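Take a look at the structures below.
Below are two complexes that have chain A in common, paired first with chain B and then with chain C.
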Partner chain A sequence: MKKEYKVVGKSVERTDARPKVTGKARYAGDLVAPGMLHGKILRSPVAHANIPNIDTSRAIALPGVLGVITGRDFPGIPFGTRPDIRDQIPMPITKVHHFGEGVAAVAAIDEDTAEEALDLIRVDYEELPVVLTAQDALAAGAPLVNEFKKSNICYQSDFLFGDVEKGFAEADHIQEQAFSSQRVTVGFIEPHACLAEVDNSGRILLQGSKQSPYITWRHMCRALDVPLSSMRIINPFVGGGFSGKHDPMDVDFAAVKLAQVTGRPVKIVLNNGEILAAYRQRNAMNARLRLGVKKNGQITALHAENILEGGPISGIGPFNIYYYGAFLNIPYKIPAIEYHGKLVYSNRAPCGTVRGQEIVLAQFCLDSLLHMAGEELGLDPVEMRQINAVTDNWTCANGIKCDVSGLPECITKSAEKVAWKESRKARPADRGIGFSCASHPSGPRLGGHFGSAVVLKLMEDGKVIVTHGGTEIGQGANTVFCQMAAEELGLPYEDIIQGVSDSDTTIFDSGMFGDRCTYWDGNATIAAAQDLKKQLAEIVAAELGARPEDLEFADACVFVRDNPEKGMDFQRAVRRAYYEKGAPLYGRGHWSATDIDVVDWKTGKGNLAHGLDFIATAIELDVDRETGKVRLLRGIHGDDAGQPINPAMLEGQVNGGSAHLTGQALWEDSLYDEKGRAINYSWRDYKQPTAMDVPEYVVEHVHTHDPYGPFGAKGAGEASSCSSMAAIANGIYDAVGVRITDLPITAEKILAALNAKEGK
Partner chain B sequence: MQIRIESNFVITGLEGGDGLALEEESTLRQLLARVEGLSGLDFFPRGSEVLDPDDWEVDINNVPHYSYERRLETVLKDADLVVIRVVATGGG
Partner chain C sequence: MFLKRLPKFAYHTPSSLAEAIDLASRYGSNARFIAGGTDLLVAMKERETTPEHLVSLNGIDGLKGITADGAGGIKIGALTTLADVQRSAMVKKQFLPLWEAVEVMSSPQIRSLATVGGNLCSAVPSADTAPPLMALNASLKIVGPKGERTVPVEGFFTGPKQTVCKTDEILAEILIPKPKPSSAGCYLKLMRRRAMDLALVGVAVYLELEGKTKVCKGVRIALGAVAPTPITVPEGEAVLMNKPVDEALIAQAAKAAGMQCRPITDIRASLEYRCSMVEVLTRRALTEAHKRISG
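On to the complex of A and B.
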């Protein structure tokens, strides 16, 4: 029987809603400290150059300037996600690698003085030839981009799952296509910002806008050559991350170093131009996929080659290469896959990733190709996806086990809601519907620190403070953890208070990424609540004349199971603990999916994740044949995120992911000139979608129950970003019969394709 | 003697999976030095004498190398299995 929840499954008010909408939320840029200085960063005007000399003498002599630093002020220890590919230092020492790279930083009594001082720093640039594309990087004799590596191939993976030769031999039709994609920025609202302080003992305090503060913390301590205990990191409110705030940035390093040099707190707040020009973007892709299918549309094999151009550092690039290949195994049943992926260096801005990681790019290719194959075979795109959809208890070619899949129902719901069948009988001219599916894991075990832990502190007034190492970056993590704690403790949601993320007091977490937080930290929250109940039950059991294990918690009461008359209110129980026993009540919980496999970087094989969430997206659009302009009309998402914890927030995540990637599909493009200088680094020139551009969205929840998820929930928020681009590409084809495989699908490209098709 | 080597990542020079031939009485440290020479890996950055557990997990015959009394100086035997795992910090 389905359990009735009192808090879980309800669209309660977000814990951060009121401070945010009233402007009371304090982000990193709002922070102040006594004696605080303001920092600014001097940026390279060239994309690739040796820097034999930086003269800061005039800047430091400027009245009001208290500190100037360069890369030479750091120990020169490289950091990175894996020890075999550490290729990044806090600020450059011998050469600059991309336009806008920070080469020096200043701390002064105010921002104007700091800006003025930047103008007084003289940097000698000896320009080098630039590498801008994957083709450039792999060309014979190409200049080397990263001084720590002897090749422009930063990382590569070759995976083989199943018998690919046999799969293609069994195919009735083989569809092959090249795809490419552009550089896009991450797109968060709040710029990088931080406040750094150093206490009398030399201990560092960094308060910054970080998505995964403990990743930042580990990397920074390594690069600064200090033990982890010598640095404390606190996360204030964060205005969006979308995978762009995992790593430490030069802004973080510069603030810390300037605080060390000056002995004063230093705050640095970047502007959006700096971020658009020089900070994390999504890799540009060049891919070629070949798909074998039976006459009925059943996939028999897939061959994929993919080169990602990722800027001058590896960053999380190995994860991107890995994700692209390993997760070709979902959301469709593909018995055999061969994958070759490369990440190459370039002199464009460093890449991390953007929402959905590079599953987004893989799925754009795969689902476009599936549609193309269906067209060739005369198959209905909805039926073709149903035939191939991953189902319950499916084991993928690389070993991923799908416990529960609502994908078939998601496809049905989205097709019905968008009126697919009806549209085949009659529809306005130049109007089309595109489908795409996607799946995203709820947090793989990438290795290293991957457990999650939560602490619940019970206050004497009966309220509970939740602390965890996950990060609230706007997605609603704090709210769902409070809901889960309330549900498990039998308390009103309002009695659960979100604590502060502080490395001195908070249990560490591996990070907020990969749809993992709700799933992993959520399970840890439940475990912490159970631990708290156990402690409280042991204290009051005797008074209630029962065994501790026979007590239940509900409706803010503790009572004997099956005898609700025999109980006491929760607050009295808490007072028994504090007043009579002096017992500190902290519930501690931890969770890790230890029964799944740690990522095998070499093979891509293994059962990589629980909680695969699924989505089937249908986007209705029309195309203006005169201009090539695409108008998005409706987006329907059949979405399986297991048990929705907060349906309104879940819809926000699903719709947000789709809207976000609408930009990459149609408009966004981080442009560079032939010397690698960024061109369109302002919000005026870089076109992200606004509310005016995105369609009406509808989310059709498909309720499943994940056996490992908290209350049956799965992760959410990234699958829709993975499904939306192919749905748009397929919709454009359905509308006007042209297939664009090079993102973004601009009006100009559509118009050119239409003209070519019509022989103009 | 022949030492079998397994890893969770591609080690340049050992893609064939045949392991490494070493002189008798070679130690784990000597094996890692050979792997460094083949692959360009740096197991002991900045003059470190030990493996950083935040970076590497190295087992001999499925037992963590630090469980052996002589740790990196453990003398290997023919057909021993050395597993080298890279530890990642981060996510996307």
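On to the complex of A and C.
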């Protein structure tokens, strides 16, 4: 099925490279509108309190202030990811739930006046005891965090696949370990920002920094109690998302409400301190896993318990708790799995997730545990992964079907490239190599509307404009779809133009997450191109003396299959359509994986996605025994993303995912004091990795052909974030023999463990 | 709680030291001098300080630049940017610890605004330029209404964000004497990540050996981020002074340094970790300086 592609598989220049590099790209914060006001949000200095009274009278009286709103200006309709978890309102009405939560917002003629007005608002805070950890949340008599729920348990997943008891009985060795992880920020560069306007008919226009505009649009219309047609969303350039910008924030709600109240456009741009303290973070984890293995390393059973602490709202947390358990089933063959997961509310910042979703945490635990079991049994970590690796046509215990697995080859390639065998003979002191594998789906099917659609507009000069609902947030979606459209239409890449992401003209897409866009929108792009070709073929077939279905499109020509002389330039065909038929052509395409299961997150059984992508990561590092500092030397990723669409961008995604999670592995930590107030919410105090901290990366592409993916491609980019933390933890163990299971693995923790080991 | 917009203030642009001092005397505690502004403006946005008057030193001639003092030492104008220090071949060749400190400070953007004088006058415990200047035996020329005075760097800091400079005194110049023959120094900084981070611990050393005997004829050990101000450690220096320097003696001096620091536990590191890192970094810095003399 291997085919020579002309545009697909080539590292063409990104559609957004030049505007971004030259600073011409316009982000939400750059937008201006005539008569625009500036909005600011007043934030709670306490983590948990009733707010019986908010007095805004002095603020609204300040000259230059045109509007002041609070949660009471909204209809009070809760929204949430799914109908059974609607536990969130635009801004608080009766109580605040976390430090930095927005309690009121002001629109004024300039930012200084708006800020001055915030100081004039008086909020009565009646402080309540705080819930900060999973333990606090589950304690008897714990204060309730969310006013829509009668328990601090937000969601539960309980899975039982296969015969777990039998699996453990058959095991030669059982390895058990507790793991924990910290709160970390999402880490995009562009802060939340938006510009909201309302027209004469009351129709809302929101231009914001959104990762999944569809999700924002649905939730906002519900919470504002307006029909979907009363709101339009345009996405300008977005400076990163990493799952922190799916849903509407108080920023978006406040800008819209202030625009409604004042009748003027309102812009709000947050600063990074606000985001680090009060916006989306990754769930903190407390987990315990038990793994049964045979003497040869084969896994017989897995038992896992996991509590995620997720802040005062569910957000996409229920999906996180399901995903953690679901992805214990893959990338290794585990015949029997029991999983009990709980998501609990707390008075820390609300969680969404971060790159790789909670597969990142599951994989950190599982691959650390696998290494520990291998160590006990004296097994080689590469062989142990190879013996358990998922292969072609494998059905996991929970029902996930893997069609094509390049994982065995990924493991082989990364082990070879990192020179694993050679390192066992000789290596410098305190140097080690750690392995971890991971798998990630190409977009799961969730409930509700779940599809992707693309429209191709054929211009009369023969160029084609692509509009799609998938969002370009820096990952390269626009480029990939232009490449696919060019390939399918037989046109040069330069002839495809990226259209604007506008809900009035774009068919909405269910979201940019879970490695789904390349796969879902990619298939929709192919379908749209085929539709366009069909329409054009019908117009020129008679002239070429052939049936429409016998025409082919390649090298900017239309011609009779197997008879290239009988053809015409693409441009000429377009003219026939426009000038002789008066027919402007639009190709339409949509795609949805309707043959897979809508999985019940509570019981977890089912095939949730096509296109499982795989990675085998090897990280070579050394540890300074005196300071505990870890230095990453090389990161090798054997990566199966099916057919790479744009190899350079794919490598960027793989390496970026690995670099991003280096911070969570080694030092990032969103800290809170005992009253739940954020402590290190500035870039001075909260550090993410820079280019100086990441090693030389090598991506070894393992080409496979996915039967459902566009051109055989799978989703890509998130698997490396799932594999990198365990690879680092295992590498540290290989280097100096200490095992840290509570993230982050700071220099200080390593030094303490080394000292303890040496009896110091 | 969160960063705000800059508060309102009057901005003064004197063109001479006398004029600047006059403005500062007139407005007293309502005025602050501003150089690069990379610390001050953030502190103002945090409302940590809200001066009504900012007196810019940027228009005053003669406060910028690195010049030879004619006796083998150098004079660094207080308004010289960190980027200028980093670019100076003279600093890199003869006053390496200072160059090493500047090289690991902040980002290129900040380095092109921030000044050496500003780094000292902000007087945070982790100020990177302080330990190397102490190790290099530098002194500071301060100009005020009553004239000039010169203080050694270790006498400059009086507490976190506090110095001997009165509100109407200006740090004008940093004077570094000529290093002795057969001497070398080193600055080592421990950070959480490898760039753009504050020091968990910063250690600067200067070592001078008698040519043939390798007996220590001069030594300075200065620490950053482990006490309310940057400090020197005479106890560590005493271990080495007038003795032939070897590995064991260096370890002993480093141990003494580790015992003399007075750090705190904060969000970046614990007290215990910082103390043990002072010992490790001091030993490494002394070893490196020793190697540089021989090499």
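In this section, the second predicted complex is superposed on the first by the 758 of 760 C-alpha atoms of A that agree within 3 Å, B and C clash if a C-alpha of one lies under 4 Å from a C-alpha of the other, contacts with A are read in each partner's own complex, and residues count from 1 in each chain.
The definition used in the following text is that contacts are C-beta pairs under 8 Å (C-beta built on N, C-alpha and C of every residue); 3 or more make two chains touch, one makes a residue touch a chain.
Just so it is clear, the model here is predicted, and its values are computed rather than measured.
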First (chain B), second (chain C), both or neither: which does A:E274 touch? second
With both complexes overlaid on chain A, does A:K425 touch chain B (first), chain C (second), both or neither? neither
In the superposition, chain B vs chain C on chain A residues touched: B
Looking at A:T627 after the superposition, I want to know if it touches chain B, chain C, both of them or none. Which is it: first, second, both, neither? second
Return first, second, both or neither, reflecting whether A:K760 touches chain B, chain C, both chains, or no partner chain. neither
Would you pull the chain A residues touching chain C in the complex into a rising list? 43, 45, 100, 111-112, 115, 271, 273-274, 277, 626-627, 629, 667, 671, 679-680, 682, 684-685, 687-690, 692-693, 746-748, 751
Interface with chain B, chain A side, in the complex: residues 77, 81-84, 150, 156-157, 212, 215, 218-219, 243, 246-247, 316, 318-320, 323, 352-353, 357-358, 446-449, 510-511, 513-514, 516, 598-602
In the complex of these two chains, what residues of chain B are touching chain A? 7-10, 40-42, 45-46, 52, 54-56, 85-92
Per the contact definition, I'd like the list of chain C residues that touch chain A in the complex. 1-5, 190, 192-198, 267-270, 273, 276-277, 280
